[in-house]
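For reference, the structure is listed below as structure tokens.
Going by the order they are written in, the chains are A, B, C and D; count residues from 1 in each one.
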Amino acid sequence: MIKLGIIGAGRIGKVHAESINKYVVDAEVKSIADPFMNEEISKWAENMGIKNTYKDYKEILNDTEIDAVLVCSSTDTHSQISIEAARAGKHIFCEKPIDHDVEKIKEVLREVEKAGVKYQVGFNRRFDHNFRAIKETVQSGKIGAPHIIKVTSRDPEAPPIDYVRVSGGMFLDMTIHDFDMIRFLSGSEVEEVYAMGNVLVDPAIGEAGDIDTAIVTLKLANGALGVIDNSRQAAYGYDQRAEVFGSKGSVAVTNDTGSRAVISTQEGVAAEKPLHFFLERYMQAYAEEIKEFIAAVVNDTEVPVNALDGLKPVLIGLAAKKSIQEGRPVKISEIEM
Amino acid sequence: MIKLGIIGAGRIGKVHAESINKYVVDAEVKSIADPFMNEEISKWAENMGIKNTYKDYKEILNDTEIDAVLVCSSTDTHSQISIEAARAGKHIFCEKPIDHDVEKIKEVLREVEKAGVKYQVGFNRRFDHNFRAIKETVQSGKIGAPHIIKVTSRDPEAPPIDYVRVSGGMFLDMTIHDFDMIRFLSGSEVEEVYAMGNVLVDPAIGEAGDIDTAIVTLKLANGALGVIDNSRQAAYGYDQRAEVFGSKGSVAVTNDTGSRAVISTQEGVAAEKPLHFFLERYMQAYAEEIKEFIAAVVNDTEVPVNALDGLKPVLIGLAAKKSIQEGRPVKISEIEM
Amino acid sequence: MIKLGIIGAGRIGKVHAESINKYVVDAEVKSIADPFMNEEISKWAENMGIKNTYKDYKEILNDTEIDAVLVCSSTDTHSQISIEAARAGKHIFCEKPIDHDVEKIKEVLREVEKAGVKYQVGFNRRFDHNFRAIKETVQSGKIGAPHIIKVTSRDPEAPPIDYVRVSGGMFLDMTIHDFDMIRFLSGSEVEEVYAMGNVLVDPAIGEAGDIDTAIVTLKLANGALGVIDNSRQAAYGYDQRAEVFGSKGSVAVTNDTGSRAVISTQEGVAAEKPLHFFLERYMQAYAEEIKEFIAAVVNDTEVPVNALDGLKPVLIGLAAKKSIQEGRPVKISEIEM
Amino acid sequence: MIKLGIIGAGRIGKVHAESINKYVVDAEVKSIADPFMNEEISKWAENMGIKNTYKDYKEILNDTEIDAVLVCSSTDTHSQISIEAARAGKHIFCEKPIDHDVEKIKEVLREVEKAGVKYQVGFNRRFDHNFRAIKETVQSGKIGAPHIIKVTSRDPEAPPIDYVRVSGGMFLDMTIHDFDMIRFLSGSEVEEVYAMGNVLVDPAIGEAGDIDTAIVTLKLANGALGVIDNSRQAAYGYDQRAEVFGSKGSVAVTNDTGSRAVISTQEGVAAEKPLHFFLERYMQAYAEEIKEFIAAVVNDTEVPVNALDGLKPVLIGLAAKKSIQEGRPVKISEIEM
């Protein structure tokens, strides 16, 4: 029985605690820490069978009974806590992104390697049944060599402006998942990026120095081309589709819905909207990623999404940002240096 | 170049004239007759390049230049005109049903055989691309031996009550197409029928002695079971679907639409309603059935839907009617005697 | 915290234990009994956190700490155990069917009423997201008054012949769910049934005195017509669809699949088969029905599927059986007497 | 009755002659000219009821009875013949592109204006029922202001290498339709283009100096972003889809198929591939564009796709070409000068 500590009791920290409770048989959450720990969270923790609640995450790192930690704190603390946890000998599951600063991510990589602990990054979409079906089809060879990889990723609503300001920009906050998806589905590395963006959803986003609508084109090492279209606000809900087109055919997935009901009336033929947002759409994927992390710890095998997989999308995101700023395609090698 | 005469200048007579004009290269309509011939029809005929317009269809039968006639007059005249046309040595395309009276249909069969002319019945749905795709799949063996044949057939709106009164009842007027479809798709004969019906759309239909909603179950000679569901009024339009389920799988078709557009908004995900009614849905099928009739005449080959195919669905329709009246399953052999 | 005992540790008993473990927060399984209790089951029970394992279910009935029992034993013991459990003052969740004998079901009803305990029957499909979506659409009035209710229900493979012999026949074993679905979706009672059946899947089923393919037509109290098509074996998997057609439109559901992937190649455009069988398709529905049972116990409210809902489909099933035997439509009132 | 002359008796010239014959009531093709006129073409022309066949198109221009000409000759002759036809006072329907040379197109524009004749360019896809449905939805305001316009355009097979060499490159030969579609669907002008391309289908295409796979990103005057993905070879056939995403929702179309049949077997659930190529997919659109051209001539109204609509996509194509060559985004204004 693996004992876990969760660092950060915000939305995603709770999601992980709950899905471990429901779906993961060989692990249990022993402790949870949050600087804003309060009675409400403590009560929730008690209901979940979590023994200890702390304000200071170091209590978790100091607990020798705890095998692994889930870093679910605010983004700007990910790299620092990761380093401390590695030094404490804990296996680490860290929410994305590890950091916005490439140097800090590299430091995490070095510390993790030195400590010899497992390090998994929270690219949950890789565990979604739909994207897995694409990946498996590509790997089966049914559609031949990939030529074009397309990702559509649109949120149902823009985050609060206060969040936008500290988010690192849309590319590092939202598109980073799509950069990972391009790598995952293509099985290849991104070499060059060109991004076109605009502020079409909300002028306040522009005033905060960000964009809300974008098309990103990517050149991959295997010659394939990738393209992502993003919007911070889709009126019909969370739009998460992808397609890989190859020499022998294509594989594409559409959105999940709450039911398969189709209603035909004088007004037309109506189906349901996509599941509203990431909690609805990716609930099973969140459980699956933790399951596989625990399995890697238990069996001492490779984690499915490692620290390098955490670094690469940040590099792509920084290149996309530079591309927008300078109005030209940017090579990943320009960022890496 | 085959020369044709059309008897009956109502809606379906005009549909045939127009589709011959557009799609049939080796035939032309020389004459058209209608007891209610008037200036409007004459003008239309002139535009269509039809030389002669008559009140009396006998003028067409007496024209030795005319090779074949299309019987598009009112249902109660089909068998009489068919007999006269056969005696005049014309090949005959006759709209369904040949007659509501089995004896009269049998007389037509005898006269047609005696005269040695071609006789095709207007079961246009056999020529629809969707139902053809089912038929071809069944024949290919891909779904194995047919076990269940399902037909959904619902009109967008009920006919006028005056028409209902003389229509011979829903089974002979509307379901007759579905009885033909069951025979066509199964490749087998119907042996027994049980019908359950009700008046749910319009009480006036009940007062006129008819029903507007029905489920008909059919036992086929090859052991398969058939089922038809009918309504005189579907709010969303013309609903024409079918499925054959067999030992190795199933094949099903959905409705055609004007476009493949899907609109996603806050209200939901909306597609188009089915094409409104038979003229929209079966326009190509009407052209196709005439093309194949002409081809059978030109090449002296078998017509694709012969006089016996015209008789069988009437027998099934009469059995369904009797089943409703007597509240029990009825064998086709009870009707045939 | 409600304490539960499970009687019967076969497939469905285990499914319930596991889903209570995962999804039901305010109940726990204290004990499980099975006449064939063995080490394997005991080990599984231990893993599930179940304290007691018994051979004799009476140990559970005698345990005053236990609030409610789940009757998951073989069908022929359902009514007897239900009666004993009611007399022991336990709330009861009973798998379908309660019994094949109407008199015994009525005795259960009397004993349950006398004891004042909750009694829920395991018609799990009512809790499926797709069928719920139909029900909610019908209740919303969007499609008007129901005219036609259609249920397609086909299993991926026939049960073993030994099971077929004791199953009570396809109508009481398999179609009974569909009879319940017709009642659930229409909100009305079945008054008359006509069934047409055949042996098309496996001659051994016929030799065992049963059928494997059927069309059942039903007349409902509100005037609507119902139709069910059944097969014991669909090559492509578990086919569970339904449609309600009404005065203002229709609502229909298709099958769930493992993913929404569509693969386009030279061979065609391919999607996934339906989820294979009831465990895959209805896993969430099994959890949901138990959740609602527990909620009814905790809050002392009506159970969502009561004992009368357990009786009615058996009556319809017996009528369908009689219809096949006598080749005529059978009124439910003929069975009830 | 409008009298037409067709210049060029290749595939597209014949398509137009045949669809005028079938679908256009108020026009007839009087003459057809082709430098390679031969017996086979003459026979075909006779069958189509075309009176005159010439080698020299000037015979058509000199025929004062002819009101309008269809320029269906090889691309390099479009602008020259257009100019001569304008000077001869003929209304002109010209296949795309008018020319690859911007100056020559501008000369055509001047001559057409001077002569006061109608000039329509053959962007047939604007007349396709699916793309029209998108356009109408955008215009209806249902999806709000357009933010992202996506076009997927993939051919079933690459053209012969000899053709590739003289085609002007994929952007001017194939993508030009997609550039027009972006303008049509967005109702806005393209201001800047970035193109990423590769040779993934056939190395011979690369040796001929062209690419076969591309992603093109476009910045529009109204702030919206456009994106096109192209391949010269899709194993599953002609892939022609589009989507407009806006502030209130999105509208998207999928491909047409020969039938709506879905076959479910042990292997999976299979639907038909898209209609094979442009002749199958756009047959009705070809008829529609000519109908509207004739209507504009008859009623002296604006043509639906004018000479300027012929110029703009060429400018975008040249910008895309330059973008590939120079590895940077290119403004349309750089090309126009």
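Some points to look at:
Note that in this section contacts are C-beta pairs under 8 Å (C-beta built on N, C-alpha and C of every residue); 3 or more make two chains touch, one makes a residue touch a chain.
Predicted model only: the values in this text are computed from it and were never measured.
By number of C-beta pairs in contact, A-D leads when A-D and A-B are compared.
When you average the Cα atoms of each chain and compare centres, the chain farthest from subunit D turns out to be C.
Inter-chain centre distance (subunit A to subunit D, centres taken as mean C-alpha positions): 42 Å.
We define each chain's centre as the mean of its Cα atoms; on that basis subunit A and subunit C are separated by 40 Å. The geometric centre of subunit A is 58 Å away from that of subunit B, both derived from CA atoms.
Multi-chain contact residues of subunit C (touching two or more other chains) are listed as 234-236, 248-250, 264-266, 272.
Chain contacts here are complete: no pair of chains fails to touch. Every residue of subunit D that touches subunit C in the complex is listed here, in rising order: 234-236, 264-273.
Contacts from subunit C toward subunit B in the complex involve residues 144-145, 147-148, 150, 154, 194, 196-198, 200-201, 213-215, 217, 219, 223-227, 229, 231, 233-236, 239, 245, 247-250, 327-329.
Across the interface of their complex, subunit D is touched by residues 22-23, 25, 47, 129-130, 132-134, 137, 142-143, 248-256, 258-266, 272 of subunit B.
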